[in-house]
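In order of appearance the chains are A, B, C and D, and numbering begins at 1 in each one.
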């Protein structure tokens, strides 16, 4: 128990320093301004996280220049970033990208990790395809041997942070199965269709047309990537659960403030019992999701595949349901003001709504839980 | 539900279908399909309104002497259903459905002559000034003032959530003409032309990124006093009459059209997907649930139309319809976002630019716009909380 | 339209005279007392419906001694009976039993119909089996030729009104498919396990052990019964929708009365906004179900199979959801008193809860609607 | 969720499992399985309590000096989970979980000596007199009177919803000892033996047909004054203390046990059914939804246990737990009825008589009893409306 407390304190310090930095550098207007200009590179606060705070490596093992915080550190970072609506590209670069790299040590991966922690490299995970929805094995992008290296053909869909990325970690299929490859953005034959996303970030669909890569681009053994992809996506799923907790806490705070001061019929609208009960339901949904996300976070680093999959999916269901309850409730209780770009509530709700479906909506995760059910005894 | 129609109903339906096949251009259909808000932008909505006007169908619900059709309730319903099914652009109701019934019921002959033809033809485009920043659900607390000065009123104050004020050439407003007393007293219903000196329109961008709404500021704006409908200080009864009209109408035809598109989008998404069949099956169940809910809502709407044809007062029917219709509409948008899956994140304009070398599915981009826009459906036109208050008060009083 | 109005008036008269009779003969205490003693025969009011009111044949064609009211008359009867919690055995005898008999005219059926209308015969529909759940084709009871007649073996489950029945109409399977047979209760080899049902009625599981029947027992051609069974069950499904409307109207009335007079914290509990909104939601659920049931009832007599199935399932979904909303709401708003045998509310809720699942719960009907969906255009 | 346990936790779990394998007889397990209410009838519940008492586990949450175990929060949770998983009969909380904490916190040493051992051993069986016909959620308005007369109080009035009054030999009551002033003042907390002259117990049969509840009438009932806990007229604080204890505790272990039985019942029902796989698939999704909801509730309960171990005040945690736990429990009973399908209609006693030549599935008959009984879960122990009021008031105050 004493280790846990020590870790709790470390995490609390992590949250505090990140929150202070975000307060100073990532206010509502600052964020909007920075994101509006962020077509080709992440907003400047990203570089600040690395160079001023030195926090990007919080989760990485100490052997790789990190603080050794593991998933618990990722969750603390994501929740705090979520409260400031500043999640990207921590998810793609650190949770997914650095997670995959650190589990495939080697000269290339180690060098890239160093650049990542220094804020010099940004990763995007080019995995999903137009047809694949949430199916993690549905990859049609083709990988072929080509001399000493590889040739790639295919298309990836809605690759978050791709317009900001220096490198993609991408999946492709050959006869051996699924493989992961590191592809520098400027590789010939890689074409992006970049666009904004509803949460203020950027993403792209990417065409790979006869892209040639050296043998070293391969991460791990050819055909062995599916378990790695599943783990990375489960960690990413739990990370957005944590992000959503941060967003929802902000939504609750803003909504409580609003209903306390907003008057209709001569009384604060917080005096209406129906609105009070709705607030109670929003709060309970949030607390359930927060407790379960934290609980799963404590165990996920050491869990086996089925245990991890079941637990992460359960947490995602709780978080998604809470996002819906809190997000929709926050807009409704704000009335017309909740429908405008002018208050943070609308921005929070857009991100929360994307999280509901990101890495699979509740129905998909429930089906996953149902399939993982042990036979009744 | 598709039941057998009478001969007259079948005839009308075929006539409407022929008309739509001829007059509803691909461009207008696309505009209708891409309308993620309550109604289409001025350009396409008004263009379609003028096409309907030429056929005599722009204001079917009006009394025949002002240009209405005199149809039966069922014929009105069929007309709405055919238009929705063909993706006709939803038209702005501020003129034909909101101020016009007020003009017809409370206006002078001169006012009717002055305003109704322009609404029917589409020449005029109206916007509504009801809500104020401090007066939402509690409309009676409104503060925007109009002071009589000879043949004019001088308006000072502000109105908010004014849809399409940027396109309108006329405006109807609730204004306070007397202070003190009960808040419902001292309110007047005033119509005037815009723009006018002293009026400033501030755009309000919604969370879907659309510009439908505005805040309108009045700074010593002089408008002719003959724009007053009814008596000065007697506007509250008119306001309530309008609200009931605003809440009425049929949701089911539009919902069924939306459901059809969702179903097609789901079929396309799941047939492309190589994954297991469970996701498609699970979605099919929820689409069926929405379909059954639309059936039930449609049955209540047809019941209301019949009651109306018998001359019954609407009572709480508009409130029930608003709650059920708006929440079902919101539910459909949730399913749309889920069908869109990863593509729901894309924030691009809904136009032909979504195609190209790496095409983005239009339904997916639409889905999130519709979801975000429709969060307002339970807020505007009297929040659903207020509607439930009305229903409950009626139940407990009877 | 004029015919409809005429029919509306006839139905209104039907409702009125039945309601008056129920008021006089089927009050809360009277009903309880009569049902408690009804182990072997239906409560006495059943005989009264036939002999005093002459209403049992309201739906039957005039050619068969009825009033020609069709499904609309069934729905009016069921809704009125529902309001008095007096549904059985009208459903099994008139809606299902007489419906099947009238569609298989012949000397035997006509004679039995006469006795039914006179209140001298009561029917039960022995179709479902322990394993069959809601699947209307899952019949394992075996039908075999036996000399000039038939031999039956099998088991039927939860046959409503069976302990009150003079005859069963039962389904059985032979190589030719499903068949329907009329089986007098006292036939050798028929054994009942009778029990009360939660709505105060009676039902039985029935074992058929080498039961021998004459050739005339067959209703229609051997192997041709499935469409007949489906139609009978669809009509029965719509009939319980109507019954539920009557029950729910009573629940709303009782609940509104209760919340108006019950005080807590010094005020009538009807002043609490959360309870008011719950009442509004209950009312809306009920009105949706009532409107759809009536609308389907107007068309179901002439609809084809798919149209009928889809419409009836849709109505059942609306009715079941309303039963849940109104039933659970009524208990909650009555507080502890809603949990006792002492008020009608509890009895209404028990029947409403059974109706939710009778002939299939919402999920089953939704799946049926989904299967009947025309291909998207 | 099944996570790795510490060595101490594993040891306790194994010890409990061994104990259950030895001591929890098939008859007791059947009684536990057939308990469709909140807790088992006196016969089995008390018998099981006495078995636990012999092992020192009848009152694990009590302070060690009175017979508690001194376990960690996690150990308490594991113990509850193992008992629930083994279908141990749920025991009545009126003694161990309701009056005992009050006696420990507010009682004199003499009262502790007099009452705690009998509760621990199972010799005594308590019932609770809180609600009255006109005082449900509004408990402070209670009217049942106790007037001091020498060494006695004389009680007149009535209490309702008195669970298991027909089995109890002791009762604790809130009584009004002073009228006038704020309703919360003048209430006292009184314990006494029953039956006693002047007490009449009227059974209340619930909609599930069970006799758990009673109304108790007091007609000049004389009880010793040394049954007063705390000061006269100071009972309201004690009442609230008890309510918080009543609402606390873990729902998840019991819910998980219920879910396991539902899953087994569904497997049995759908494997026998020759129908299509859709119904089984659709139910599997809803069972998974319940499972995930239990995961989330369990996480909040473990969080509460840890906060309690750190000495934090429970705050609104018991209110949240009561709302979430009771509504999830009600949800499970809905699924149970649906799994039971046609057999849900059967109204027969839950005993071995369900077997025989034409057997009726016990789970199906149980399902409807549980559904009907559990409608009360959102009413008793402070209605869920009251609990949501408490949560909202806390949120808005902070």
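Rule of thumb we're sticking to: a residue touches a chain if its C-beta (ideal position, glycine included) is under 8 Å from a C-beta of that chain, and two chains touch if they have at least 3 such contacts.
None of the values given here were measured: they were computed from a predicted structure.
Comparing the chain pairs B-C and C-D, the larger number of C-beta pairs in contact belongs to C-D.
With each centre defined as the average position of its C-alpha atoms, the distance from subunit A to subunit D rounds to 42 Å.
In whole angstrom, the spacing between the mean C-alpha positions of subunit C and subunit D is 38.
Inter-chain spacing, taken between the CA centroids of subunit A and subunit C, is 53 Å.
Across the assembly, subunit A contributes residues 272-274, 277, 363, 367 that each touch 2 or more other chains.
Of all residues in subunit D, those touching 2 or more other chains are 278, 282, 285, 385, 388, listed in ascending order. Shown here, the protein chains touch in all possible pairs. Residue ranges on subunit A touching subunit D, taken from their complex, read 252, 256, 259-260, 270, 273, 276-277, 279-281, 283-284, 287-289, 291-292, 294-296, 298-299, 302-303, 307, 310-311, 313-315, 317-318, 362-363, 365-367, 369-370, 373, 376-377.
Within the complex formed with subunit C, the residues of subunit B that make contact are 1-4, 260, 263-264, 267, 284-285, 287-289, 291-293, 295-297, 299-300, 302-303, 320, 323-324, 385, 388-389, 391-393, 395-396. Residue ranges on subunit B touching subunit D, taken from their complex, read 278, 281-282, 285. Contacts from subunit A toward subunit C in the complex involve residues 272-274, 277.
Within the complex, the subunit A residues that touch subunit B are 128, 130-135, 138, 140, 155, 157-158, 160, 191, 193, 195-199, 203, 205-207, 263-266, 272, 274-275, 324, 328, 331-332, 335-336, 338-342, 346-347, 349-350, 353-354, 356-358, 361, 363-364, 367.
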